[in-house]
Amino acid sequence: MSSWKDFSMSDHVYKKIELVGSSPESIEAAVENALARAKKTIRNMRWLEVTETRGHIENGKIDHWQVAVKVGFTLEG
Amino acid sequence: MSSWKDFSMSDHVYKKIELVGSSPESIEAAVENALARAKKTIRNMRWLEVTETRGHIENGKIDHWQVAVKVGFTLEG
Amino acid sequence: MSSWKDFSMSDHVYKKIELVGSSPESIEAAVENALARAKKTIRNMRWLEVTETRGHIENGKIDHWQVAVKVGFTLEG
Amino acid sequence: MSSWKDFSMSDHVYKKIELVGSSPESIEAAVENALARAKKTIRNMRWLEVTETRGHIENGKIDHWQVAVKVGFTLEG
Amino acid sequence: MSSWKDFSMSDHVYKKIELVGSSPESIEAAVENALARAKKTIRNMRWLEVTETRGHIENGKIDHWQVAVKVGFTLEG
Amino acid sequence: MSSWKDFSMSDHVYKKIELVGSSPESIEAAVENALARAKKTIRNMRWLEVTETRGHIENGKIDHWQVAVKVGFTLEG
Amino acid sequence: MSSWKDFSMSDHVYKKIELVGSSPESIEAAVENALARAKKTIRNMRWLEVTETRGHIENGKIDHWQVAVKVGFTLEG
Amino acid sequence: MSSWKDFSMSDHVYKKIELVGSSPESIEAAVENALARAKKTIRNMRWLEVTETRGHIENGKIDHWQVAVKVGFTLEG
Amino acid sequence: MSSWKDFSMSDHVYKKIELVGSSPESIEAAVENALARAKKTIRNMRWLEVTETRGHIENGKIDHWQVAVKVGFTLEG
Amino acid sequence: MSSWKDFSMSDHVYKKIELVGSSPESIEAAVENALARAKKTIRNMRWLEVTETRGHIENGKIDHWQVAVKVGFTLEG
Amino acid sequence: MSSWKDFSMSDHVYKKIELVGSSPESIEAAVENALARAKKTIRNMRWLEVTETRGHIENGKIDHWQVAVKVGFTLEG
Amino acid sequence: MSSWKDFSMSDHVYKKIELVGSSPESIEAAVENALARAKKTIRNMRWLEVTETRGHIENGKIDHWQVAVKVGFTLEG
């Protein structure tokens, strides 16, 4: 559930937050956009779990994907 | 999943937080009370999803409703 | 699962459709608005099941409730 | 999960039962009606959790709401 | 959600209980066996919802089916 | 998820609708009754998924089974 | 789903009830406390399923665990 | 839950239908194929929610993806 | 959760596998067909849990039922 | 859903956050470790709900347990 | 639920296994990698169902996707 | 989701199997007993997820706990 640095230690505590990212291109890009924004204020993000995948439609086509993810990061110290 | 201002742009990132509000009056008022408190520190709240509805009982009547909601808001910048 | 007229007969077939209604006032009113619209084209609606309750927020208050319901109606003949 | 009298003690045992109440007026009233009936035989009801919200439809309008709740009460002695 | 006699009135309260019935013959018979036993002490059973279907196996064959059901009945008076 | 004719082609689009069928005899018969009615207006039904199994009770016995199914059919052209 | 005495017979009917037990010590002790109380009025309890695990917190530590369980017991006769 | 045009008004009613689209290329393309077909008869599609993602396998590789989506569209007038 | 022979001992370990059986006749027969095949290579099957019930449709009728089950068996030694 | 001090008042608002704690010893210890860390920055934690229980395995044994919890705390003022 | 060869026959039995595949590129590639490995020992894989989508994060970006799938294959003979 | 050795590489494939372990002592011991048995034939077990917690009751006390877990292990080569 986290990167290898965390795994050799059993005393880490993680917090999970839920984000929604968007992208006109793909589900993967919507997730990356959420991470890119979160990275500005959160260090040590380790893993994510996709919880919902949605799309907004304009003229019968996907205008952009919207993906909700739970992101886990290490609480330091 | 958000207000109309957000919808014309596909590059927004949202965060969802989970709150529990209470009210002796109604389910709707319990939700509004949660929002009223959250508004003090969170700007740009856009939508909410009710996840649990509970009630506390005194003398065989509802003393107050307790409603859990996930609230989505825009992460700026 | 249906009105009393249906219950004495075991040979009815129902269809369930999913609607989303809105109202600035209450969860109940959002449901009634969905029914009012559906009534224009569907006869014999019998029961509904609430599947999701959401709210849209403007300035830290509920602007309107959005409620998803599955509506069951009798398929005639 | 219970009233304040229970909370200072960690040795309480609760039972949960599932009820369905009805009301032509609102979701809240349907719950209160279930409690009013249960109160005749059950003392010490503490909290409830809404598990299902349904409505019966007549002529394209809600005739009455039907709400299923789990009610927790203290098992005495 | 109940028999036609209940449906013309919106003031009924129901209780749901959960039973597990068994039968070597079929899923339906396992349910009927649960009802046959419950009938000895509960009047006014109205509907049931199947929540789990299981089977016990002996020598690579179903020895008996075990079906869990929630049964709703009218609380009188 | 569909009949063999569909399977050699990857360009089919299906629609799923939700039906509720009834029968005093068995779960299987309740499903067949839903299909028999749906067949009058829907061609190309391919598969179904049972989503709920219920029973209506009279005098402590199943009066009729009520089974909800999602039915998938090919959208032509 | 039950003790060995029940298993050689396929004609048993079980009832499931839902209890919540508490203990400052452990999840297992919270369950045992629920059983100890239930034993006063229910004979023939056979198995249980944990449905929820919660904890009440005082000063940043678990004050007591609260565990909800479904308990199955044989309906005699 | 819908495009920006809908959001300034709280009186819209939406219908959700469930479709399954296929594509040998990607999950996203399977969704777009479902929309392309639905567009022939449905105007005003606003958003979708992915409910299931499946794949058909030939010779140990994905032959085509099959994605189920719920599509919401505005009911006019 | 297993046959009576297992129940007097608390040191058994079980494995659960998931199978899908088919039958044109009934849900029960589809399950029995899965067991009949599994029996060729697995000894000591004890119980099963139905996880999904589906049907394949030809000409508006069920061509065959497809039932997914989790089967538990004792790991020896 | 909170400590007794909160219960006499119906006007509290809670926030729930999701944490993951670890411990080589037990499920309970993994939860306590998450609380011990959270306590450094969060006052007024009231209750928690276990949402996931996992374990990391080394050489065929549990190396450490990892438990995800939702923690509710009072939002002051 | 399987390839066309299986569909004309109703007597097939399938087994489902659960795999987790990884890829730095996409969700689809993670699935294909799981299949490529499984193909070495399993013949007759027919379909898969995605059950979980996760990502591992390094430096605020997805390092690789991890996708859990249930794969169904024909049990021969 | 796996040990640190796996984490630096994104090309691993895992299989998940479902086991049920028993112990008269604790939930944790029931899990360890399942692993101890599985270890005889499976190498490279990495993590587990608890999916069900049950208990068998004799004379109103837990006779033994039964815990179902999904165990993930690396598929080599």
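Note that the chains are named A, B, C, D, E, F, G, H, I, J, K and L in the order they appear, and that numbering of residues resets to 1 at the start of each chain.
As a convention for this text, contacts are C-beta pairs under 8 Å (C-beta built on N, C-alpha and C of every residue); 3 or more make two chains touch, one makes a residue touch a chain.
In this text, all values refer to a predicted model and were calculated from it rather than measured experimentally.
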Centroid comparison with chain D (C-alpha atoms), farthest chain: K
Listed pair (H-K, B-J or I-L) duplicating the C-D contact set, over half by residue number: H-K
Self-contact between copies chain I and chain L, residue sets same or different by half: different
Distance from the mean Cα position of chain J to that of chain D, given in whole angstrom: 28
Chain A-chain C separation of Cα centroids, rounded to whole Å: 34
Chain centre separation in whole Å, for chain L relative to chain J (CA means): 23
Multi-chain contact sites of chain J, meaning residues that touch two or more partners: 1, 3, 7, 17, 26-27, 38, 47, 54, 56, 63
Residues of chain G defined as touching chain L within the complex: 3, 26-28, 31-32, 35-36, 38-39, 45-50, 69, 71
Contact footprint of chain H on chain A as seen in their complex: 26-27, 52-58, 60-63, 65
List of chain J residues in touch with chain A within their complex: 17-24, 33-34, 37-38, 54, 56, 63-64, 66, 68
Partner chain B, residues of chain J touching it in the complex: 1, 7, 10-17, 70, 72, 75
